[in-house]
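Each of the next two complexes has subunit A plus one more chain, namely subunit B in the first and subunit C in the second.
Let's turn to the complex of A and B:
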């Protein structure tokens, strides 16, 4: 037994590699507005990245504390996006009706439109880019001086680090807070999805919205006499409200 | 291809063979490719950006692949820079010239190591939203699109805020409590006047306040799930005037004129409102929530339920359909409101309004009385004209002594003058009733709040109310010959009365939020109320008083002093909550009836226990039990008869009484409101151990009712509501089932104590669509069966159905159509009535000018008959309705 321990120990410590930690402030203007700290860990060769968000406690004290991701992942509470560029896969952990699921999909190819518009924040020139992704139009401000193609959540593929990104209605917003060097173990067992149950993005969409598609009309129809809603909204909520295959259907 | 070219510092172009036929396929597309490496390895994820050499705009970009290779394509020509950047390396720029001839450019680069200098890169983001405990602030500049006209438009751009078509503002599913401007609130729940009219430009920030408390010091201590919004004005913005005007003109001189005018500055805010109409609309409803803000379970409420009840009332009784249909009116209302902030610590709010109204009301009724061998039929042809004039003023001063102490004083004054005249044909006799009455109210309240610890608040409240309602009533007929046989010459009667109330109360209230979240409330108080009731009933011959008959004059002084200690504790363990209440009262009653006085000092305890249990996401139960003892009111204790209508006399018990009652409430909820299936069942059972009933003598021309105290009666009500959403027709079915059984005992015409049981059953169905298109419907029907059992049984079933159609053609144009059908089971003829109303709106200029067309009572139904039953017989009542009218509306916002 002892020998095995000795054998394992150096391996474990060694696996904690130096990586780049990029922190975002996620601002969600949802029905109950929240802000969250987002942490994006980028492996040195940028072949693996993980982004996860953490809820800020009300008393704002622990805002900048370094979070032990491994522990967070084990607790199963968090949502994260794990990119493996070598295998062209994206694993997303998300809660659907309070049940945690891991969604496996190919890395989405975001079709960024680069615009001429630019602005300066603290002496850094930011360029504007837009992108339509799964039902929302996003606006990003990025800097080409830092060659990081990953961003918060599922955003990636811009020619530089994203400083700000938000959807056109400003419901979801991410703001860069800091970039620094940190430790992270990309070889952790938590990121080995071989024996874990995963669902496809289609299954995810079905689970999340299909039962739910009529929610708006459902609520509407339960109102008492005299109560009316003239402008109806789509009641699909969340980041992703329309998927690729649904776009196809519409074009038909 | 994979061949290595020169290493490092190669700023020159690499020209590779031009393939002719590639040129043919893709016209002027140039491919730039190559590899990137450092001293030893191929580099992955190096960003390669092709920039215009002058404008620096990005033409194309890519990242190097696993083998360090890259490929870029462009169809632009000219001078460009190719920029290579990677973390941990120095970036490199290579200039390239793209010409039409060159179809492929190969550039291999080697990047130089550079230590990562990433620490301390911290960006101070100017966040559009900040959260500080329960306050969420939105900076408007991040949200506005620039075309917002009104506050409502502006709020719509903030994603978490939902605004219904009618202007109701909701956070999620919950309506906001108030909409403030710089912390000042002029409108309470009537905030739509503000949100729909105030221009958006002076607003800099919107604050969303969660767990909101009306008293700032109670925040976080009292139980609250309220939400409110606060608009913060731009420092620069000067005083601004804004408002709107709505005029409606219709046939037969029906009209309505509404106006709102506001002026908001940083320090002072003013609001003027006016409404003139003849379409049956009660405009005081618009400011009702300013006069008497409705606040449930609010600490510092003392004396809120103290008021004088009038003996006599000539206004119409409630109808089971829209009251505006029978209200022939001519109302004028003007209201002036202001908030002044003379210093940081002082806030003064004033509210005043004047209301003039002239209403007419027409009714024909036939009463069949059949009780204990007495039976007769009375017919009434009744025309009522009410004239009223009301002046109301309210002054509210808030002085913030310090961060934890606050003093608030509210003074109210009301002066009402009413003149009601009825023209009555009673069994063919022409009768004129005249009732002149006044209401004078003075109300002063002072409260002191001290948050002496973080989670502990002490309130001290004092209140004084003085209210008077003198009434002078005259009937130009003498129907009471049988009662006063010796007065053969009497030909008319009158009654003068004054009913005065004086209330003084003091209350000390402690709220203690424990560290575990439990809330303890203790109140110690003393409330004193003195009532003076004098009535003088006279028999007259023309203008001379013949007699003031004995037994029909009252001089009652009733004093109640209530010394109490109230305690309340709320305990929450996981999904289980318990609320326990214990109120201890020591009363000191004194009653003087016609110069005979007596005292009584009762002591009683009112306990109550409730729990709520969330079994799981789908099942919720709440239940409570309470025992209540209430003290008799002045209108229960006077000893002689008073006239309460043209043919009714009543009198109190002449004694002290306390009434005991117990009740149990149970509620079970299955599913959630937004689920496909949702059901809620509510059961209420109450038992009155003692209650007031009447011993009534009924004659054709008059009734005399005497209050008596009876033991034991029961009441049970069961109500179930079910909702089921049908996907395939996108409609929701609502089923509403109700059953109520109540019983009481009374004496009529010297009968024995008889038991009167009434059973009510109602069952209704509704179907409402949720289509995405322009059309939607809402259809429903409801049956109500009423059954009264005494010595005889009497029952009938009514049905009310409706069909509403909605057409929303686009944002500018919509039409709403409402139709109703009433069916009265017991009427032989004319038992079915149809109504049709519609409303069309067209926005000529968004947020500026709206045109509307409203039609009411399009079938021009002139009369409406309804049927009712009671323990002594049945009645058919016919009301005259406002005729068909169509209004053309013009709304202008400035």
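Let's turn to the complex of A and C:
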């Protein structure tokens, strides 16, 4: 058996390529404040990137005092944003309630406004840029000294590496931690979406924000007989709260 | 002649009964109307959340659940109603049971 491993070892090793790994700390000042580590892998030719997040720690005391019961809904699977610039495609793996879904869309064109304002952090000069994307205004600080156009989550398209980015309310914040060389296999079967079920960004928005009945029926199946739902609220929250087709409707 | 007496007696009884009914209706309406108005004023002065939590008064327990995604965003909120609850402790126990039941939603 061990001979098989030795035989396969060169293939396993060579299937991974040297890439640039950029780590971010994501700080979300949400109703249950959350901090995550983000890992952005950028291929050498920058034609493929993937951004993973993982929660730093689970705090058992993270409960919202405004409610009687706090329920975290997640699938437990890793979430990521995979950019394939050659195919102009972005695959996002995200949770909708407890289900993990892969969302396929064209790479969003972020309209950055590059500003004159700059600041220096640890001898690195950072320039300011702003951008509106899906309902939120973001402020980014980037450095042109590192010619990487990718950033955390769906942020990309700036003429340099993003050191800090946050929305104007500072609800969502990302801070650069380090940059180093690492190995990553962009040809991995995990990133082959041909036989995987994907949904469109419109379907994603619909499932996420217009799915009251399904949630209610799931709740009721778990509760003792006689329990009734007397009040229901659904919040449009998260990074994306307004989509392109909704913007178009508004303009009409 | 006998029939005439019966007719007069019946009319006399009918007259008393009618008068009694009128008195009762009048008295009842005044008192009830005052009570209902007072009751409505009392309720309208209450904060709705106080009424909801006052299970001892109504025997009803309300449990509010917040649902959050993996980024800590509050995505939904539901309030559940449980009837025939006897005490605050029982209501608290129900809330705990709801939390456990929804852990694997």
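Everything that follows uses one rule, which is that the second predicted complex is superposed on the first by the 198 of 252 C-alpha atoms of A that agree within 3 Å, B and C clash if a C-alpha of one lies under 4 Å from a C-alpha of the other, contacts with A are read in each partner's own complex, and residues count from 1 in each chain.
The definition used in the following text is that contacts are C-beta pairs under 8 Å (C-beta built on N, C-alpha and C of every residue); 3 or more make two chains touch, one makes a residue touch a chain.
Computed from a predicted structure; not experimentally measured.
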Comparing the two partners subunit B and subunit C, which touches a greater set of residues in subunit A: B
Subunit B versus subunit C as contact partner of A:238, first or second or both or neither: second
Touching partner for A:95 - first (subunit B), second (subunit C), both, neither: second
Partner chain(s) touched by A:103 [first = subunit B, second = subunit C, both, neither]: neither
Which of subunit B and subunit C A:148 touches, first, second, both or neither: first
Which of subunit B and subunit C A:165 touches, first, second, both or neither: neither
Partner chain in contact with A:79 - subunit B first, subunit C second, else both or neither: second
Contacts of A:30 with subunit B and subunit C, given as first, second, both or neither: both
Residues of subunit A at both interfaces, subunit B in one complex, subunit C in the other: 30-34, 215-216, 218-219, 222-223, 227-232
In the complex, subunit A residues that touch subunit C: 28, 30-34, 36, 55, 62, 64, 66-74, 79, 95, 97-98, 208, 212, 215-216, 218-219, 222-224, 226-235, 237-239
Complex contact set, residues of subunit C against subunit A: 62-83, 95, 97-99, 101-105
Contact footprint of subunit A on subunit B as seen in their complex: 44-47, 49, 55, 57-58, 61, 63, 66, 83, 85-88, 91, 116, 118-125, 127-133, 136, 138, 142-143, 157-160, 162, 164-166, 171-173, 208, 673-674, 676, 678, 723, 725, 727, 730-732, 734, 766, 768-772, 778, 780, 802, 804, 806, 808, 811, 814, 816
Residue ranges of subunit A in contact with subunit B within the complex: 20, 25, 27, 29-35, 44-47, 56, 58-60, 85-86, 114, 116, 121-122, 127, 144-149, 159-160, 163-164, 169-171, 173, 175-181, 214-223, 225, 227-232
